[in-house]
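Both of the next two complexes hold subunit A, though its partner changes from subunit B to subunit C.
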Partner chain A sequence: MTVTSYFLPDSVPEALGLLETHGSSLLVMAGGTVAMPLINEGISLPGVVMGLRRAGLDRIERVGAELRIGATVTLTRLLDQDTVPMLRQAAGRTASWSIRNMGTVGGNLFTPPPGGDVAVALLALDARVTLTGPRGDRTVPLSEFWTGFMTSDLRPDELLTSITVPIEPGATTFVKFGRKHANTPAVVTVAVHLAVQGGTVTGARIALGAAGPHPMRAPGAEAAITGSALEPEAVGEAAAAAARECQAFTDGVASEWYRRRMVGVFVLRALTELAQPAGPAIGGGA
Partner chain B sequence: MDKVIVTFELAGRDVDVMVSPMTTLQSVLRNQLGHTAVKDGCRQGGCGSCTVLVDGEPMMSCLLPVEDVAGRSVITLEGITPTDGLHPIQQAFLDANGYQCGYCTPGMIVVAKALLDHNPSPSRDEVVDALSGNVCRCTGYLPIIEAIESAVRAAGQQEARA
Partner chain C sequence: MNVSGTARLNAPREQVFRAICDPRVLMEIIPGCDAIEQVSPTEYRGVITLRLPGVVGAYRTDVRLVDAVAPERSGMEGRLEGSMGSIAGRADFVLGDAPGSASGTVIDYTGSGVIQGPLARLDSRFAERLAESLISQGLRALNLRLAREAAQSPSPGGLRPTTEVSE
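Then we have the complex of A and B:
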């Protein structure tokens, strides 16, 4: 163990002060479910670490037509809320009970693929993140937050403090395909939010996980079903587009070849599930 | 490197430990406090053999810097075991052969305790889901699931008699 100091700030200003003092040498950790395995294994050898468990970022509250989730709200707490059903579904398919008691919503956004299932749901829900720095807060749509594998728009002097999810009507579904039923890394994760008017899809957000360097939208697939009534042809076209445009990769879970095909299969299944005989159903809430 | 002193509650009793920064709760419990039921398994949060209860919730002690549990309540299998005899869940594991080599058993029983504390009559699916973070390479899980189901039934009968 090479850690010389471990800080547990009691507030965001204190945490920002530590960031300013130590700069990028400070490892920021929330639930520890990603950072601690690397430290225990000697892969990550940080000198100074900041834990966020006491920083006062663990509130979850509905504000008007939005759900505001503090960065260190645990995944278990997403299971206790009914405001955004897709987040409950996503948390329920993530890791195991003990890990959900530790892992946080904010931390999930920094979990490398094929992890980070809740982040995929948040992307389909059009969430925004609040980044707090010495000059105050700025808000970034999640669709613009990630810039590459394990890189993001977060500046070295900023902390991701909350995630805001709009509560809007629409049809949603969350599908995760892994090698086991539970506690399994994803071959692919698909989260969909559709806005529907009179049986016609007027807006679509299709988010893919484990299909690129970070959770990503599938714009070609979204375009293929927008304006449709989720007819089998449109759904098939969307699935084919998603398989083409994803950035599937090979790891110990699945090969690039297999993942790309499974992206098509599970986008097809997700959209088929949303297609009712009388057109897409409007679900309750987001 | 400066050591730090951390105070937390272990099975209802305050304990102080002096550690290097970020020593894991797993290491403190096993190596400093003699709670050897807390196994040093994968150190990745992947096997569940180090599971303990923190404020009643199951967590992987290998992923917790001990500083994070300062002022909080920690319970290991040693804290669940009565002074005399066995806890009903332990007895159920014994009766149903819910173990073979025994390495995963402490974590399994700690999770089972948390499950029954939260939900005294879980369905089989709920038992299976609760155990999904705990790996057993011997039993194939069935005797473990059956042990927990039998502990649930025993507690129900106890309740009915009371």
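Then we have the complex of A and C:
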């Protein structure tokens, strides 16, 4: 079977109507950087495809103390914003210019590991996703969105329409380790957001990419540095905890054995960077 | 493609075994299961819709219980067939009493399958991770279902048998 119809709805209600009409046979596509290679290779054979790029989901705006990002905002556009520096860092380390020009923030959440670097940053930033269906919107914390490898809480009659990022004071860093410097899938990606008061870490969010079936937090590592002043012992303990609790896997990029060790190495590097007096500025998230 | 794993379920073995053989339970716990019917005491037929990023497709599914010894172990031979190709294989599971628990069960499972058609172009490790993810989702859903059954029926073995399983 080849694609017989391609729809470009002009609004979310129109897109939801098409989803209802065509049901599970409809392939929903934003930038197409995940779907098109699968279609071209003959792995995905959808009869009907819906593109979302005209559905009005391409706005990025600051609303109070939050940054609201439409699902079809491209990764390139994240490079142009200064509101959340870590998102600019993450977008800059994702794929190539041509992919970033087409790939979207919403689509990045559906990119299977070892892809999905921006999703790792969004998880460390405590983002929420808005899922829109026939009964209206519902909001899900990103930490509860993924249910497994390539599977999520999105219902068959829903679309992911936006991602909301709280703009909080804190120290952040984003580290990606791949086989090449640029345009490379991750061996591991680490994104960190720390709340710091008087030199003491009062809250930590450490997100790992390419270290499990989906981007995931490292709660043991977070607990190890909360209450510390990022002393080397606490940082070492956090790195060891992250290596233990990640769900590393083997693929064409790296083995499970190597990935697990690199999780420890790069959590250590990320936290050590934040511990430096001249490291990323506290308050840099706002 | 090969998958294996272990999971702990908070229900006695008898209850777990009955649940796994109950089409109504299977329909509820198998991710994307749209329909399932029992065509003989040991055979099931259904439709599973995979809705993954970049991939959509419905698969006709035939599964047969083989070498079943209630409530200890069973094999399942089956075939999934859709426009993207087919997967034929066998899975085996063994139920054991969970250590340190009066009513818990440990399920050990292994499975292997042969992928044919366009699906076979996927990296086998990719397909294995997908299969493992769907199995763990199914087992989580089974555990929730068993907990709900236990809450609704305080008597032991709250899930009533709906099917006889023979070897």
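Going forward, the second predicted complex is superposed on the first by the 278 of 286 C-alpha atoms of A that agree within 3 Å, B and C clash if a C-alpha of one lies under 4 Å from a C-alpha of the other, contacts with A are read in each partner's own complex, and residues count from 1 in each chain.
Please note the rule applied: a residue touches a chain if its C-beta (ideal position, glycine included) is under 8 Å from a C-beta of that chain, and two chains touch if they have at least 3 such contacts.
Since this is a predicted model, take the numbers as computed values, not measurements.
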Touching partner for A:Ala95 - first (subunit B), second (subunit C), both, neither: first
Subunit B versus subunit C as contact partner of A:Asn183, first or second or both or neither: first
Partner chain(s) touched by A:Ser5 [first = subunit B, second = subunit C, both, neither]: first
Touched partner set for A:Glu41, first subunit B, second subunit C, both or neither: both
First, second, both or neither for A:Gly51, with subunit B first and subunit C second: first
Subunit B versus subunit C as contact partner of A:Ala229, first or second or both or neither: neither
Touching both subunit B and subunit C, residues of subunit A: 1, 39, 41
Contact set on subunit B toward subunit A in their complex: 1-2, 4, 20-24, 43-46, 48, 51, 54, 57-60, 62-65, 67-68, 111, 114, 128-130, 132-134
Subunit A residues within the subunit B interface of the complex: 1, 3-6, 8, 31-33, 36-37, 39-41, 49, 51, 53, 76, 95-99, 101-102, 182-183
Contact set on subunit C toward subunit A in their complex: 31, 49, 51-58, 83-84, 118-119, 121-123, 125-126, 129-130, 132-134, 136-137
Subunit A to subunit C touching residues, read off their complex: 1, 24-27, 29, 34-35, 38-39, 41-46, 107, 110-112, 147-151, 156, 213, 249-252
